[in-house]
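What follows is chain A paired twice: with chain B in the first complex and chain C in the second.
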Partner chain A sequence: MKVRGFLIGLLAMTVAAWPVAGAWAQDKTIFIPLFVYRTGPYAPSGIPNANGFQDYFNLVNERDGGVNGVKLVIEECETQYKTDLGVECYERLKGKKPPLVNPYSTGITYQLIPKAPVDKIVVHSMGYGMTASADGRWFPWVFNFPMTYWSQASAFVKYVASQEGGMDKLKGKKIVHIFHNSPYGKEANPTLETLAKQHGFELTLLAVDHPGQEQGATWLQVRRINPDWIYLSGWGVMNQVAVKEAASKGFKMDHMVGNWWSGSESDVVAAADGARGFKSMTFHAPGAGFKVHQDLVKHVYDKGKGATKKDLLGEVYHNRGMINAMLNVEALRTAMLKFKLKTPPASEQARWGFENLNLTEQRLEQIGMKGMMRPLKVTCENHESNGMAAVQQWDGKQWKIVSDWIEPIRDVVRPKLEAAAVEEAKKLGYTVRDCSKEK
Partner chain B sequence: MEFFFDLTVNGLLVGLMYALVAVGFVLIYKATSVINFAQGDLVMFAAYGAAVMLGLGWMPLWAVIPVLATGMVALGFVLERGILRPLIGQPVISVIMVTIGLAFVLQGLAAILWKAGTRELPLPVRVEPYVVGGVFISPINVVAAVTAILSLVAFGLFFTRSRFGIAMRAVADDQQASMTVGINVRRVFALSWAIAGIAAAAGGLIWGNMLGVDTFLALVGLKVFPVVILGGLDSILGAIVGGLIVGLVESIAAGYLDPYVGGGTKDFVPYVLMILVLFVRPHGFFGREIIERV
Partner chain C sequence: MIYREAGQFKTTYAADQAIFPIAQDRVVVALAIAAAFLVPPLAGSEYWLQAVLIPLLIYSLAAIGLNLLTGYAGQLSLGTGGFMAVGAYAAFKITTAFPQVNIIVVFLVSGLFAAGVGLLFGIPSLRIKGFYLAVATLAAQFFLVWLFNKVAWFSNYASSGTITAPPRTVFGVMVTGPEATAPARYVVALTLVVLFALAAKNLVRGRIGRSWMAIRDRDIAAEIIGVRPLRTKLLAFGISSFYCGVAGAELVFLYLGSAETLAFDITISFLILFMVIIGGLGSILGSFLGAAFIVLVPIFLTNAPHALGLSVPVALQKQVELMIFGGLILFFLIVEPHGLARLWQIAKEKLRLWPFPH
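Coming up: the complex of A and B.
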């Protein structure tokens, strides 16, 4: 009887102490949900990307002892790149009080944007999602630095101009935009149309329906138009087919430029040697020649904690996952330094960190990413930051940066972006905030 | 006019590539009445097999092809014996759900076995197009067309001249009557899955070369449905004709309508055509009309 009573008492104490223990554990770590697509048709892009995230977060824990001494705890949730599964992941994991989510899908981002201010969770859609949300006055909880699709498209036009001999040489040139027939694929169209009017180039928009496995008719039109340049906004298999079609139609590959979701190793495999010369926009360097990769090998891979094979480090999407994780970490670190925290930042504090992120050259050097990405600064008004794009080229074996950093045509992009922000915010019933009152 | 010819020729050639996948679907339906939603996944699986074998560099393409075909035949047998046979006599919906499940299993298995990265499937086919009378013809499309036509001839001979082929036709006509005359119906079922495996191997080699090999390749299976419904679910000739029609209609629609409506016509126009054809010929162009006494 005594033994039974003792056991019941012990059980009661354990049950009573459980939430306290959980809360204590939560206080000591920063929980970050990782929306991944390791399965499904987009897995070839999703896996290296997820591995990049895992590796960088692991590196921060192993090398730096966490963010300002607070360790990161990561939990993956499989979305298969499907919006409904992404929203399900969000709803399931928001109870663990994450300071941020990276939806890693434009569709999921659109669904989370209305939820973010209610749940007070930062949505960071790095280089994707809703372009208009870059206006932080209307969308305080959404960030899309280092750049938006519109800025990217304007940087592409500037790159074309630089290759042709100047902006005035664009007049009369023929540019075709081949895009995934989805909100994502269409994002660049308004910017390209505006710039076509301003600079007198002839723009043709050719949609490719999902998934884009058969593009014969599209490329026959391309042959008929005989463009000087092609801009490709594809995704998944559409990119592979487009690159192969371009090569098989004899198009000059160095005059075909993908956006930054159309320039990975997967995209050039099918075309093999024919893909040589194909270019794409990017906001970070490819390759494993940076100090952060050495750190990764030393602190993570040599301890058997790597997420992938060592020889796959430096792949475009692995690097992109690392860059995304780094931006998350630096934003959290900014908040923790500001509020002198040795515990996880509260949601408003984390948001402040994102909004005041100032990633300097010096800081990039400290974390081993000097040269891998440009410094950037986020402000209350500008949630896409002052990021710049570059052009990388496939040389048959690897991607290499072949341009200087290109400043987007901000005087064209920003007014359109602000107008779109008003429109989108009205749909959501948002009110504008005065950034001069933000500290 | 040159543009029209371009669209027509390319559409017909792509249509034959669709037919190559559709043939496997028809073979299974013809003998077993099973609607196989996993045909695209079998194509993907075969393509992975070919890409992995070629990637290892242990054997040349001429040796890979028979090994691949044998492997797919074995897979067909295993699937039939392990998954489909226990469902004989069960409601059609159960069988359909199982083939849908099988599709996901094959995708997951491919990702586990060979990882999800895109693989190259190199074939000794030139990349540069042939230019015939101003019309650009992609060499891989020509290979696919020749393969599809040869498949049609081979399967035609098989079904009319071989003992097994005639047995398969008999089973397709009436399973019970076939059993009474001593045909081993279960063996016929297994054989149909095995032959569908060979068709998947051919489709996998061609489509894998064209698109690169990853789990995306399974989506080519989606093209099968308008093709086989137009042509007739149980007709190999119908699969070829359906493929040609779908390829042609897609190409013409994408070439002439998409520029005006901003895209998207290629995907629904074949289905519109399919609905119109079903009004007039509910069993498709070459499908067998089954009249049952009640």
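Coming up: the complex of A and C.
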């Protein structure tokens, strides 16, 4: 009897807590859902990232009074970096009419790309997701500026060349790509293969299965190949293990370069001193020495509204969360200025804002991010913009930029990207649009 | 009182052996099926259909599949995720190679592929039993997922290795791909589940099901009375994998839309095994109850604080959710080790006597 009573109680509670979807009429604020992973295996990267988002949106509300006078309302949804939870989050929050989503996982991005034009919600996968979606003629609703995985990989090869003394010196060099065996990790492979053929370096691709703790066999192979450079596309615990293995095998750490998801504080702490010299790609500067951080302390943290501790500002992923939030805000602002809005932009308008985003040096200075990020310009054809990458290095205490801004090899990447876009769009039955007709 | 059978006489063997011998049951089940077909597509929001009910139906189908193998035939399997992956990738390959073939046919054929693979991995079951068989089927899980990840042919050489469900129609209605509406997907999933559940129910009541149960209860005795272990066990593996394969194809085509091999990793095998154990081993109804428990309770726990107006940090909420969920699993297993289906059975027995228990 007791059990039945309990069951009936449970049923009653289920009915009582039936989520009220659709009943959301907010026309005074912009609703932005945040897909976060504060728990699960990838939480060490997910937490600072989510905090960065929170902090910047709060800053815009506190310092600027919102975007063009319209306040931002955010709601977090926990995905644990799992695709099915991400889909659940999306379906639950899309009823609140968000102009955009940041999926924050390549797997979830792949789920949302087909839904974007149907639901009319912009998908902004900043530096992740499907590279081919950078062709805006086929994928009008998907944006991946400031850069794609392919551009990043080409920038890495250029960096290696600059260290070796020129593109012609790449011939005969041995480069190993250690990657997470998932759509995310595989992304860089086609570009690296093309460049290997062109410039004559020997490329070896070594896959590491999710989640990445098991790398014994991988590093035995690395030892046998004895590569000149290692490119690492890892994520979460895989990075920590890889850095640790490299350090313990005595690999030259300054010849190992992570992609921009393989170069944060949490990736190097496990290897302690051994990680010193490890490099990674990035598209923004680390550290808390920028004006935006002073603003953040003044307007948010001193009011007790900060998402994390003050001394954790400037972490790579906190900065990246802020950059991502900033790009969202600037795109929305572009739309609101164009359509002279004092209300949230409609979905088509928000999309226009993303497509016509022109982030100038001057604007970066206004928002306190000068030097933290390069200016960029998105166009109808090019949804990855003209962003550039840099290399940062771990000096044992903090990450520091150690290279100039590197222009990706666009004449190699772009044609491949366009071909891939046709391929991907065909699967979804899309038609191409004519960018000269867009205003 | 309501559940009284007085006056219901069975005059034929067929009536006596019907799936639902009690008239009230027949009415309730018929109403429930009708309601399932009518109410959600007309009244349910897209969130409920797409994020809750469709995965529920698909997992129910996979749970029925595993229940046939583990609950009825007694063969413990951890290869469910692998067999689902076979179904999903087979469906993807078939429908991209032959776009004109009806997608339902594609689902069924990909189920056959999964059945073939299941037969292959079922062969060791003749020699290996119990936990050892679980380890052997674990090999299927890891091998199949590795295979689909390794060989680019399976994903049509997509650089990311992701398979995407192309748009396909049934009777002129779009059921897969991004343009397909949630009600259309739901109706397809529901139709398949209803048909397959009915087929499974009849299967386990007949000669095949009885031979499975004989093998499960004592294989030597079963062999002595003339049940051939190899054929019986392999049949269980084949049919179970067929169900799992169809469920895997549906998972990609009706629910996720696109997937990578990670969607079929070992956690899904465990998840479906938990559904079967919590729902009730050896019960078709239990497969549905188990799937409902595993799918609905976390979603309920996620939404509960919101509905009550509490603002809890998401990380804390997720952790509390996992703790409560784990606690509930323990609670149910302690209170009723035979699963939710057994609870329902007890409730039914009591209802039949109520209000005059003796």
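Keep in mind that, in the parts below, the second predicted complex is superposed on the first by the 414 of 439 C-alpha atoms of A that agree within 3 Å, B and C clash if a C-alpha of one lies under 4 Å from a C-alpha of the other, contacts with A are read in each partner's own complex, and residues count from 1 in each chain.
Definition applied: a residue touches a chain if its C-beta (ideal position, glycine included) is under 8 Å from a C-beta of that chain, and two chains touch if they have at least 3 such contacts.
Quantities reported herein were computed from a predicted structural model and do not represent experimental measurements.
Judged by the number of chain A residues each one touches, C leads among chain B and chain C. By the touch criterion defined above, A:Val269 reaches chain B but does not reach chain C. Of the two partner chains placed by superposition, only chain C is touched by A:Lys115; chain B is not. Legend: residue contacts after superposition of the two complexes on their common chain; A:Glu164 is shown touching neither chain B nor chain C.
Look at A:Asp84: by the touch rule set out above, it reaches chain C but stays clear of chain B. Touch criterion not met for A:Glu418: it reaches neither chain B nor chain C.
Of the two partner chains placed by superposition, chain B and chain C are both touched by A:Asn181.
By the document's definition of touching, both partners, chain B and chain C, reach A:Arg38. Shared contact residues on chain A (touching chain B in one structure, chain C in the other): 38-39, 43, 47, 181, 207, 209. Residues 3-4, 7, 13-14, 16-22, 36, 38-39, 43, 47, 76-78, 80, 83-84, 87-88, 91-92, 95, 106-107, 110-111, 114-115, 117-118, 130-131, 181-184, 186-187, 189-190, 207, 209-210, 420, 423-424, 427-429 of chain A are the ones that touch chain C when the two sit in their complex.
Across the complex, chain B is touched by residues 38-44, 46-48, 181, 205-209, 211, 213-214, 216-218, 220-221, 223-224, 236-237, 240-241, 244, 247-250, 265-266, 269-274 of chain A.
Contact residues on chain B toward chain A in their complex (touch as defined above): 3, 6-7, 10-11, 14, 107-108, 111, 115-120, 122, 127-129, 136, 138, 209-212, 214-220, 223, 250-255, 258-259, 262-264, 266-267. Every residue of chain C that touches chain A in the complex is listed here, in rising order: 45-48, 50-51, 55, 146, 149, 158-162, 164, 166-167, 177-179, 255-260, 262-263, 265, 296, 299-300, 302-304, 306-308, 313-315, 317-319, 335-336, 343, 347.
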